[in-house]
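The next part holds the structures, each set out as structure tokens.
Look for chain A in each of the two complexes below; its partner is chain B in the first and chain C in the second.
For the complex of A and B:
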């Protein structure tokens, strides 16, 4: 745990230095950090608890819309809106998990797509609330302690704080009783029950935590975009992107999702240049490579090799 | 009387659209029933079928239904190739891996089509596009009627294949118990390839029947069809072919009636809401048997 927090500390220092070193490449870094945070949060449910969600864009949208509508219609400061969004996301996750977590098989995954799509249709059609298909614009933001929330550097620091928070939470979970419960449920629900774990409750907790964190990131994303379109925020492909980032990086590992974000989003501009709109092609190809050859994901595979080498060395002496 | 006519009109439209949904759903449920894999690329194969009709129309000026002659065998071959090349290699991995692999295939097909055909919607103009057949006070669109007829024929053919042929027996045996089927001498690997091939060609057939009334656009439409196929199969009961037909018809009716008597903007949502209600109240589907609960 100390080792992981040391690495995280170094990452934070590097992150704090970044805006001074590359002041012109902030936008891409903000995307990487947001995706790292989303993928890490997704992984609490998708990797640690083994419940594949393809609807997390719904929570991104929820967070962003709470901030935007709270600000433009009710004059609500973004931090309060983000807290409300986190509560709403957790409540939605609770209700939704109650319906689907009792069932075995692919039902949960299928329902995630349906719920996110319903949220998208609400965002498009309920114009009185959400600005409809054209979207909603954040025109003004408060200035807490004289900080300009429209500044890219501020966005960068918020995204950095968000991704660091999610990784820190996962480091703590990985060592906690809850983390062991999650892994037990992922490996075999019946055995977990035999050990006195209630799989539905464990999965619900993971889902609510994951949803609330993604909504927090969504709120930051809303401030960053300042113009919200339902076609982007609740988009199925955003959900897929979040899930695949975590899986390609390494499911159920502490650093895998962040490494996935660094690789995939960091190089995203290159793919965008090569394939224009078809840039998700690379996700399709990479997920096949990972499924066929690196089933633990990139970081998971590195980790496994390291553990094996250490074990081999320990048995030689 | 004046209220009855639009209702009948809506019901007939719903039934015919539901037929096409059933055709999309049957392929998904067949693959799930035999292989235990949710095929996330299913909708993209539907779109592939639409584009094959567009392509043959643009090059040879064929009617979409003639391009079925090519699309069906090509679909079987593509399906077998995908199964052999990708899914068979991960047969022993957890079922989630196969689902993720098909998700990858879906992204590759959708984005590949986007690169090949560009983002503009494409369609095939047929002379009978807007003709209707009056039956009493109800007008039935020829395009929908043809699609409904195609569905009936295809599903009848599938029924005959599964219940009247040796290979059908082998498929049913594999679906019921893979190890048992293997023990009585069925090559279940071959059956898996064939079933995936049939699934893909069913999806492509559905795409061809849809092209006279819908525009083909890459990437996003694939996901929409996959979602519709999910809804159809879950409404009916996952893995059950007869039930997929019921599920398809039900989805068609729910959408058409919901759109005309409630709010038309939520047309696509009614099916999804019905889907969530089914998950909540009767996860085995309306016509299915038990689902394992934790």
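For the complex of A and C:
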């Protein structure tokens, strides 16, 4: 645990130095950090608890819309809106999980696609609330302690704080009773029950925490975009991107999702700039290579080898 | 001695098949109950009904006087039942130690206490030197011992063992019999499904014989193994 927090501390220092070193490359860094946070949060449910969700864009949208509507319609400061969004996301996850965690296999996954779609329909059709298909625009934001919330550097710091928070939470979980319950439920529900674990409760907790954290990141994303369109925010493609980021990086590992974000989102942006049309092809090939040769994801394979090496060493000594 | 377990009229049906048909039994602290019968007799099903993994259509189960008939399996675990699975079910992606940590968290406070308990259990079953090994890599005999360590780590008062001796070579079998005998001296009540007669005869205080879901005989191991109906059930109809 100390080792992981040391790495995280170094990452924070590097993050704090970044805007000074690359002041013109903030947007891509914000994307990477938001995806790192989203994928790490997704992974609490998808990797640690083994329940694949393809609906997490719904929670991104929820967070972003709460901030935008709260600000433009109710004059609500974004931090309160984010808190409300987290509660709403957790409540939605709870309700949805109660219905679907009885289902096995792909049914939960399919149902998550439906949740995000329903939210998208609401965002598009309930124009009185959401601005409809044209979206909502954040025109003004408060200035807490004189901080300009429209500034890119501030967005960067918020995204950094978000991703660091999610990783810190996962580091703590990984060593805790809850973390072992998550893994047990993922590996074998019967065996988990024999260990006194109620799988539905564990999955519900994971879903709620995962949803709330993603909504928090969604709120930051909303501020960053300042103009919200339902087609982008609740889109299945975003859900898939979040899931793929974690899967490619390594499901159920502390650093996998962040590594995935660095690789997929970072390189994705670079490819887009360099290859224009071919970028999706390269993106697809990258995913294929990882799935074929590193089925546990990049960090998942690294970690597995480390475990085996450690064991091999311990038997020699 | 305290009555650990009482089951009355347990019946389990799968569609048209009555896998367990009005079986009753009792078990006291420190006692070992052997459950035998030919393949398909309903032993595993009865075992699962007692531990809550299969709902009993009829009947009543009490654990130290507390009615657990409607309780899901994890609640029965918390109430004092520990079990192994006939086909071992390790958490495959976890190490041996992590496998035992999962149940060890149930009755301990905090991860340091849980870790200490898990290591103690691994030591008890002789797997301490393999703590860091991926569970997937264990051979059969060690997977069995891992199952045992997991079942013991919930600190059960009654232990349910489903064919933990099957497929073991003679030295491993001897070791396992000795181990189970040791558990009894710790005061644990044990329900044991077993095909290996040597283990049943050496360990059980009381034996129940199932055939086609019905209890056809019960008594001491000696009485049961010389019972004509039992001999017929094993030799006649198979």
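Going forward, the second predicted complex is superposed on the first by the 299 of 317 C-alpha atoms of A that agree within 3 Å, B and C clash if a C-alpha of one lies under 4 Å from a C-alpha of the other, contacts with A are read in each partner's own complex, and residues count from 1 in each chain.
Basically, contacts are C-beta pairs under 8 Å (C-beta built on N, C-alpha and C of every residue); 3 or more make two chains touch, one makes a residue touch a chain.
Note that this is a predicted model, so its numbers are computed, not measured.
Novice: State whether A:194 touches chain B only (first), chain C only (second), both chains, or neither.
Specialist: Once the two structures are laid over each other on A, A:194 reaches chain C alone.
Novice: For A:176, select first, second, both or neither according to whether it touches chain B, chain C, the two together, or no partner.
Specialist: In the superposition, A:176 contacts chain C only.
Novice: Taking the superposition on A as described, I'd like to know which of chain B and chain C A:270 touches: first, second, both or neither.
Specialist: The answer is neither, since A:270 touches no partner chain.
Novice: Contacts for A:308 in the overlay, against chain B (first) and chain C (second): which applies, first, second, both or neither?
Specialist: Touch status of A:308: second partner only.
Novice: Between chain B (first) and chain C (second), which, if any, makes contact with A:111: first, second, both or neither?
Specialist: The first partner, chain B, only.
Novice: Looking at the overlay, what does A:292 touch: chain B (first), chain C (second), both, or neither?
Specialist: In the superposition, A:292 touches chain B alone.
Novice: Using the touch definition from the top, say if A:283 reaches chain B (first), chain C (second), both or neither.
Specialist: After superposing on A, A:283 lies in contact with chain B but is clear of chain C.
Novice: Does any part of chain A touch chain B in one structure and chain C in the other, and if so which residues?
Specialist: 193, 199
Novice: Within the complex, which stretch of chain A touches chain C?
Specialist: 175-177, 180-181, 183-184, 186-188, 190-199, 252, 304, 307-308, 310-311, 314-315
Novice: Quick one: which bits of chain C touch chain A in the complex? Just the residue numbers, please.
Specialist: 51, 53, 72-74, 77-78, 82-83, 85, 89-95, 98, 101-103, 105-106, 111, 114, 129, 132-134, 150-151, 153-154
Novice: Which chain A residues qualify as touching chain B in the complex?
Specialist: So the residues of chain A in touch with chain B come to 50, 52, 54, 99-107, 109-111, 113-115, 117-118, 121, 124-125, 189, 193, 199-200, 236-237, 240, 244, 247, 275, 277-281, 283-288, 291-292, 295.
Novice: Would you pull the chain B residues touching chain A in the complex into a rising list?
Specialist: Touching chain A: residues 38, 86, 89-90, 93, 95-97, 99-101, 103-108, 110-112, 114-115, 119, 219-220, 223, 227, 230-231, 234, 238, 263, 265-266, 268-269, 272-273, 275-276, 279-280, 283, 291-294 of chain B.
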